[in-house]
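One chain, chain A, appears in both complexes that follow, with chain B as partner in the first and chain C in the second.
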Partner chain A sequence: MGSQGIHSDLVSVPQNRPLLVALLPIPVAFVVGVALVGNTSQLYFWTTVAETVLFALSVNLLFGQTGMLSFGQAAYFGIGAYTVGLLASHQVNPLAMLALSSLTGGVAAALIGAVTLRTTALVFAMLTLAFGQALYSVTFHLQAVGGENGIVGIVPAGLGGIDLGQPRILWVFTAVVVSIGAFFLWMVSRSPFGRALRMIRDDATRAEMLGIPVFRYRLFAFVLSGAIAGLAGGLYAFVQGVASPDSLFWTTSGEPVIISLLGGARFFYGPVLGSVIYVAATDTLSQMTPAWIFWIGLGFLIVVLLSPDGILGGVHRLWLRYGTRALDGGRRRAR
Partner chain B sequence: MTAILLPVVNGVAFAMLLFIVASGLTLIFGVMRVVNFAHGGFFALGAFLTFTLAAGARLPMTEFALAAVGASLICAALGMVIEVVVFRRIYHLSHTDSLLATYAALLILQGSLTLIWGNKPRSQPLPADFGHAVTLMGVQVASYNVLLIALGLLVAVFLWAVLIHTTMGRMVRAVASDRTMSAALGINVDLVFTGMFGLGVFLAGMGGALASPLFQLDSTLASTLVLESFAVVLVGGVGSVLGALIAALLLGLLNSFLVAFDPVLADFSLYIAMAAVLLLRPTGLLGSAAMESR
Partner chain C sequence: MSDLGEGQPLLVTENVTKRFGGFLALDRVSLVVPRGRISALIGPNGAGKSTLFGIIAGSVQPSAGRIVFDGEDVTRVPGWRRARMGMSRAFQVARFFPSFTVAENLRSAVLAERGRSWQFFRSERQGDVEREVEQRLEESGLARLQDVRAEHLAQGDRKRLELVMAMALHPQLLLLDEPTAGMSPSETVATTDLIRSLCAVGDCTVLLTEHDMAVVFDLAEVVTVLNYGQIIACGSPDQISRDPRVVEAYLGEAMVT
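Now for the complex of A and B:
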């Protein structure tokens, strides 16, 4: 994609299959490398990053690609976590548990989406928030799911004799599940359906006029996002060993939105970059100073003032200004 | 009678606290069209500054009032600086793209609380003459709640008088409805923005100052009441001060009755009620359709 690409196509990727296949060994080598040489805290760090990436990507399918700000995605994330939490003591196959997490997240999203999607923009954000908080207060008060402490001490059952409680194995397992989920979302984003979503984001009225069933597509995106958020929540329960009301709280919904904005919400890989930076920054700074929130805030502010469309947005603009010029020998004027 | 009157007084008192905070939010929202997450940070800052200015002591009413006003003014001054340095650069962004900036401002304010006051929770006693209960139609109610109700009504009347009946208020409403046209007519839009941001943050700080004897003061205070304030703003209709007053009263009363009769269901019903209002009237009770999109 050159500098002439239209705005709506920013999220698309080069149509260069051999290149992508050639690049594939890099993430595979990374996963294996971390598994081989990582110590316990590094393994925990990257496992947390991976699970955050999946949640952020699911939220960004709505936020960055469809232009819908939901402040209630923690509900589906939390439902996924609780699904695993309730099943874990019954020795259920981990893959079946994750499939069920995804299913419960998707079903909840379908029910809530059918109601909330009658509105748009900020009212939609507030409605998703309201329903999310309503579910939060249910888990908080319901003693059957552990009340305000939630379900603790979740240990995934073995997968055909492999012990998932082992940090190294849990990392590889998480990395594989997240990669499959991310690949699925990437395929969705590249599909005609994904293009239609970006069209709805850029101009919903025009999309409707051109025959795109806007409500149905938005609902479908909402359900997909909820299902993947449920999957991410299930992984969270494996990794952290808990399913608590906190995972349904509205601040948990805000985190992936901030992560997407930080990395660049209009780019498919924005949430991936955002997650790595966010988890690394909170992890490092919170060990250094009790006022770590101050420095995180300052960092975000600098990013947003320098580049309102996130880090990848800034990189993209620099590329359009200097990179393409270098490639074309300065013949093509940068936009 | 007692069973009804007590939740009514407590509910209205909570509603007034909520209204003071939310009215600031709705002004900023209505005039600058920016979703200001940092509002909760200024609320918390107002509470902490009151604690410091009052030295954490039980003061007579006049001195507590001075501390509260001083804290709100410091908040307003800081707010205007932040408006000029940060917010002015993000007005051209959409609601959602400016979220990261206002969220960053919230984190910075919240982190400053820890930088300045440390991690230890603080508490501010009620002013000396307001620690007792007064008898109102045969019911014992906390006198501080009566004070909150009086101050909330005062703020409502003040905002109504300024916005509707002064030249300054007309200028503000002109800028809110069309900033380009207002600028063409010679109104200094930048000045109106900075001034309104200062007023909005002053109200957040004042809410925090009044809430300081009621809450434990720690850095989580920055996320206390924010959600409820956003709910009040949207249920009332973005930019409508009267709407915010009505919505605050509805939510405050609903909350206080639910807590009195069934605490477990209180939160749940509150959010469902909020969702119901927004579904039936997406523009809020007194909002205009113009604010819904963008």
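Now for the complex of A and C:
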């Protein structure tokens, strides 16, 4: 089989274990390669991409998999960043700081989710935005956390004699943490729990009538997403050296949604591809023109109009149309 | 009714009333669903059948009255828990997971039934689950469509998929809202056979609504007639087809067509 119209939801969460294991050396070689030959700006670029990937994957657990659009995920990202910011001067172990970032992000998400998830999709989107903006406003005016400047000059403490201030080491450290976080999300996505989330996305009433407590699953997905966003925020504070109110602003919430749509929200790896393209595009364009946001928006519009399910969606459709046909043709000729 | 009362009925609705604003959709409906039988609920469009189904399944709250399932008052029990207790429902317009393939839809139901849906780190592909999915696909004749996205299915296959998913919960009570709506004559026969075979093997109780009177009189052992939110008659298919009030309210037109 494999002709058009036949399309498995499994493309959204790749499950072919032998293939994934066989492909594993590629990302490992990439991380080592960048660490060995990358210059400072390349290292900074890829470290930023990695930290963006983790944030985007956490948002897409809600958006792409559970069908929940939150405009306030910056809140948990920012809470994670501030957690690291406040602890950094106390020479706390970096791994402990990241664990705490994740914990504070998750706890905040549990509190806010328990309130906002009792509403409809639209009210949920608005309430998450409102909570996010409220938190932004508080940090902006709170001098104890640096006010509008935020906490600057964050330098991670050494990790058992390893200096994380070194760009090369910070890149490897970030890549490892992001890989662990991404692997965790991948495991969850391919599990029965992940299936239940996609059931809710497709038809919440049907899921409920099959015995799925929809509210609890949504809340749990929200907490998981908040915890991973907190972890990503903690990494952001390490990489950028700051925890600023900007990291809590609503535009920070919008970025991972745009990234997911760009890469393909229905695909587990959509946000990964989206992050690379988005960070590269903002980097290049912002050096070329002050109107870079306009060009980003235009590019995004073109991609979504050409392929509503993102770049991976377009590639997948092309594969169904031409790739499988070529494969079938090859088989027929071989016979 | 008395000849069917073998022990405690599986489901009882006690004076269930539902108001939508000023409109009285259900007026003190007391319905008894005997265990191990196929019961039918019939009545003209707008009689309140789907509302009553929603109230029984837990997706609609009644304005007054009680729902007793298997001896337990479930009026305030959420729908998902009623499903876990053994109620399973198919909708008038089939509901399933449109972006999943047929096999994935069925897998979703089997995973939920087996209480696996809180597993985080195991793959969803589990030997025993896959075997049950395969077996149910074979039995229902959906095997050839297993890799098709459910949203691309034809009307009859949609209803059938939903029915097979509902059955995968091993329900005590199967609620079927017009199970043969939109089906061709041959699909209708296949579906009634499927429902009957289900009740022959297990001790499953079925409550269905249906506009096709041939299906009702073929399958049901008890028929309840609803009109303007009130029960106007209840009895065996034979009694119902001769009841003058039923013929006047509903069957007259239905029998002719």
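Convention: the second predicted complex is superposed on the first by the 315 of 335 C-alpha atoms of A that agree within 3 Å, B and C clash if a C-alpha of one lies under 4 Å from a C-alpha of the other, contacts with A are read in each partner's own complex, and residues count from 1 in each chain.
Convention: a contact is a pair of C-beta atoms (placed from the backbone, for glycine too) under 8 Å apart; a residue touches a chain by one contact, two chains touch by 3 or more.
The structure displayed is predicted, hence computed values, not measured ones.
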{"item": "Touched partner set for A:147, first chain B, second chain C, both or neither", "value": "neither"}
{"item": "Between chain B and chain C, more extensive residue contact with chain A", "value": "B"}
{"item": "Touched partner set for A:27, first chain B, second chain C, both or neither", "value": "neither"}
{"item": "Touching partner for A:165 - first (chain B), second (chain C), both, neither", "value": "neither"}
{"item": "Which superposed partner A:210 touches (first chain B, second chain C, both, neither)", "value": "second"}
{"item": "Contacts of A:198 with chain B and chain C, given as first, second, both or neither", "value": "second"}
{"item": "Touching partner for A:138 - first (chain B), second (chain C), both, neither", "value": "first"}
{"item": "Contacts of A:190 with chain B and chain C, given as first, second, both or neither", "value": "second"}
{"item": "Common interface residues of chain A - those touching chain B in one complex and chain C in the other", "value": "none"}
{"item": "Chain A residues touching chain C - in the complex, by the definition given at the top", "value": "1, 5-10, 15, 187-188, 190-196, 198-199, 202-203, 205-214, 217, 266"}
{"item": "List of chain B residues in touch with chain A within their complex", "value": "35, 86, 89-90, 93, 95-97, 99-101, 103-112, 114-115, 118-119, 219, 223, 227, 230-231, 234, 238, 264, 267-268, 271-272, 274-275, 278-279, 282-283, 292-294"}
{"item": "Touch list for chain C against partner chain A, complex", "value": "57, 59, 78-81, 83-84, 88-89, 95-101, 104, 107-109, 111-113, 116-125, 147-149, 152, 165, 169"}
{"item": "Chain A to chain B touching residues, read off their complex", "value": "63, 67, 69, 115-116, 118-123, 126-127, 129-131, 133-134, 137-138, 140-141, 250-251, 254, 257-258, 261-262, 290-301, 303-305, 308-310"}
